[in-house]
Amino acid sequence: MPTTVRPVDYDDADAEVRAIYDDIMATKGIDFVPNFWRTIAHHPALLRRTWETLKEVMAPGALDPLTKEMIAIAVSATTGCEYCIRSHTAAARKQGMSEAMLGELMSVVGMFNETNRLAEGYQVETDDAFLQVP
Amino acid sequence: MPTTVRPVDYDDADAEVRAIYDDIMATKGIDFVPNFWRTIAHHPALLRRTWETLKEVMAPGALDPLTKEMIAIAVSATTGCEYCIRSHTAAARKQGMSEAMLGELMSVVGMFNETNRLAEGYQVETDDAFLQVP
Amino acid sequence: MPTTVRPVDYDDADAEVRAIYDDIMATKGIDFVPNFWRTIAHHPALLRRTWETLKEVMAPGALDPLTKEMIAIAVSATTGCEYCIRSHTAAARKQGMSEAMLGELMSVVGMFNETNRLAEGYQVETDDAFLQVP
Amino acid sequence: MPTTVRPVDYDDADAEVRAIYDDIMATKGIDFVPNFWRTIAHHPALLRRTWETLKEVMAPGALDPLTKEMIAIAVSATTGCEYCIRSHTAAARKQGMSEAMLGELMSVVGMFNETNRLAEGYQVETDDAFLQVP
Amino acid sequence: MPTTVRPVDYDDADAEVRAIYDDIMATKGIDFVPNFWRTIAHHPALLRRTWETLKEVMAPGALDPLTKEMIAIAVSATTGCEYCIRSHTAAARKQGMSEAMLGELMSVVGMFNETNRLAEGYQVETDDAFLQVP
Amino acid sequence: MPTTVRPVDYDDADAEVRAIYDDIMATKGIDFVPNFWRTIAHHPALLRRTWETLKEVMAPGALDPLTKEMIAIAVSATTGCEYCIRSHTAAARKQGMSEAMLGELMSVVGMFNETNRLAEGYQVETDDAFLQVP
């Protein structure tokens, strides 16, 4: 089913958007611009901000890129965003996520979505030990 | 504010529940039974199942325990469960999560909660490239 | 912490709002107007619509009122609304929910919040058998 | 894929439901009854209550109808409801929402879904200044 | 659209997984293994834990199985999980849920998703009466 | 209860963070740095990105700042983020949101959280008319 705005094709994009498209393809090592980016390009400032933030956030740092990609899957599975689940699962596999890792990741995501609702459903009081801040 | 059921104190617990409490403290290396476990003990089968599952899910495997604990934080921040955020943040720090790691974790969680809504809000179509399954 | 609008006290309410307050107390068999209703009374049309709908929705019908109240707890635990969890838990107990029933209710809510995320996280395809409509 | 109940066609509807269908088409200025309304018509009391509430809530008042429709998009993008996103986006456009307005709306929705998780993920304490109630 | 992992067919499954598949079909009285179970079987420990928990949680107890199945629908409608909504609706119908019961169930789910956001949106203070624990 | 990281006071902040703090206070016309910003300052890159994005997103454009602030309330009420609800409600009032506007805003947020779950709970099919893209 169609996206609610018309995605911007490379050939129809202006120079600023094209430069971002080129950077997306080069950074990700892919030869197409995913629909997500072509969609938000209908509002170029949103494209620019989102891509710049993504590059910073996903760069290697205190956490490695694969761990970050798996956290993205965890967030997306919790909110139930299909596009996000599929694109982050593909990206994580490309970075080396094995099927065993995915199985454990889903086990963790499932379990804590359960315990989250138990803690909320009973309104469990926070233990003093968990209130210590370094 | 109080939990909606009366948490079960160690001294009031029967032998089966006490054995689980002992295992929780020994496994986690703590000298108290967190309120979460004392709460769900009002329904002992729930305590038993949840603890057994947790031990399996959080054991070292294809993912290490600290990565799993950070995924638990990501899930809990996404659902907004206070108890869960505080207890998993404390647990992750105990396992070595630095403040820099927490800062990157939150950056990732924040960013993908944003892009999840952009993908949903525009109903972005999934790219064919993301539909490949190994 | 305070509600973000000033709840309307019985003595400050106009005749229409007072009539609804009286009906709330009579219908629920309580001698106070819960904060929820006093809060939305700042916008009287919202109070009127919400109370009229609630009376219809919670009346005995194909489902009994206690079952409906437990479904309200399930919804509230899933969204994590503290006021809602506490008020519906109190209401369900008043209508006869035992601690064993609450334990099973929470077990069901927890479990299906888990399986929901597994189904989403893997993007499980719907079986044809589940697409039959009577 | 099919709705889980059989939507009620105009020709199969009883007089009460037909009257509501007529009112929906007249009020919205459309010549078909959207699937949402035909679906909840399987439980006529739900159709009646929901349509009456909608008419009241969406009427011009302190907020104009287009602003209300954009708030509906914001809610629907946040929960990820496809039908809702598509129908409210169509309705808002009909009322004059430009592509620039949609782009800013999505930017706002995306950003605050991000900051919501940052505020929750760190359990930020509410500032005293934000607790003042007029 | 395809599941993100390859579901495990009966013929490709090892003895442990087959035994679970047999138990699922026998317990549910169906002659196929739903995609959900075939999907999580890619990580056999997840299949085993989830199935064992489900059998315990859904067994008759203080709540009957149909009530539990309707609570599963309430959770799934609240999170918006398509697979879950469709499979639990089918299962509840098989256990005797009438269309009138479904209509009331949806009315309750809809209403409390509304009041949950009103209670949150105004940050309604919990009444003292709702803080009593038996 | 404390934030899970130590908020950064103005006096302890380095020059880059202080400059952002100064800009926050000047832009918002307040004489304190809200806890949200002092919290994310523990990871300065997150502070910088978030503040720069906020300034762009909330600037007058196709939508006015008050409408944007009310959309922020709608998002926050839907996710249930207390800090966010309180801070955006305070900010919207400062920009002129009347109590009548807040009452209508909450009515809209409540109503569409309800209809979202009805549309999901019944898996309503999207009408062809809603699939047109300009």
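Order of writing sets the labels: A, B, C, D, E and F. Residues in every chain begin at 1.
Going forward, a contact is a pair of C-beta atoms (placed from the backbone, for glycine too) under 8 Å apart; a residue touches a chain by one contact, two chains touch by 3 or more.
All values derive from a computational prediction rather than experimental measurement.
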Chains touching both subunit C and subunit F, listed by label: A, B, D, E
Pair exhibiting more inter-chain C-beta contacts, A-C or B-E: A-C
Distance-maximising chain from subunit E - centres being C-alpha averages: F
Same-residue or different-residue interface between subunit D and subunit F, half as cut-off: same
Centre-to-centre distance between subunit B and subunit A (centres being mean Cα positions), rounded to whole Å: 20
Computed distance of Cα centres, subunit E from subunit A, in Å: 27
For subunit C, residues contacting two or more additional chains: 1-5, 40, 45-46, 50, 53, 76, 78-82, 85-86, 89, 99-100, 103-104, 106-107, 109-111, 113-118, 120-123, 126, 131, 134
Residues on subunit C engaged by subunit B in the complex (per definition of touch): 80, 85-86, 89, 99-100, 102-104, 106-107, 110
Contact footprint of subunit F on subunit A as seen in their complex: 1-6, 45, 49, 53, 56, 126, 131, 133-134
Subunit E partner contacts - residues on subunit D that touch it in the complex: 4-5, 40, 42-43, 45-46, 49-50, 79-81
Subunit B to subunit A touching residues, read off their complex: 1-5, 30, 32, 34-36, 39-40, 46, 50, 53-54, 57-58, 61-63, 67-68, 70-72, 74-76, 78-79, 81-84, 86-90, 93, 98-101, 103-105, 107-109, 111-116, 118-127, 129-132, 134
Interfacial residue positions of subunit A with respect to subunit C in the complex: 73, 76-78, 80, 82, 85-86, 106, 109-111, 113-118, 120-123
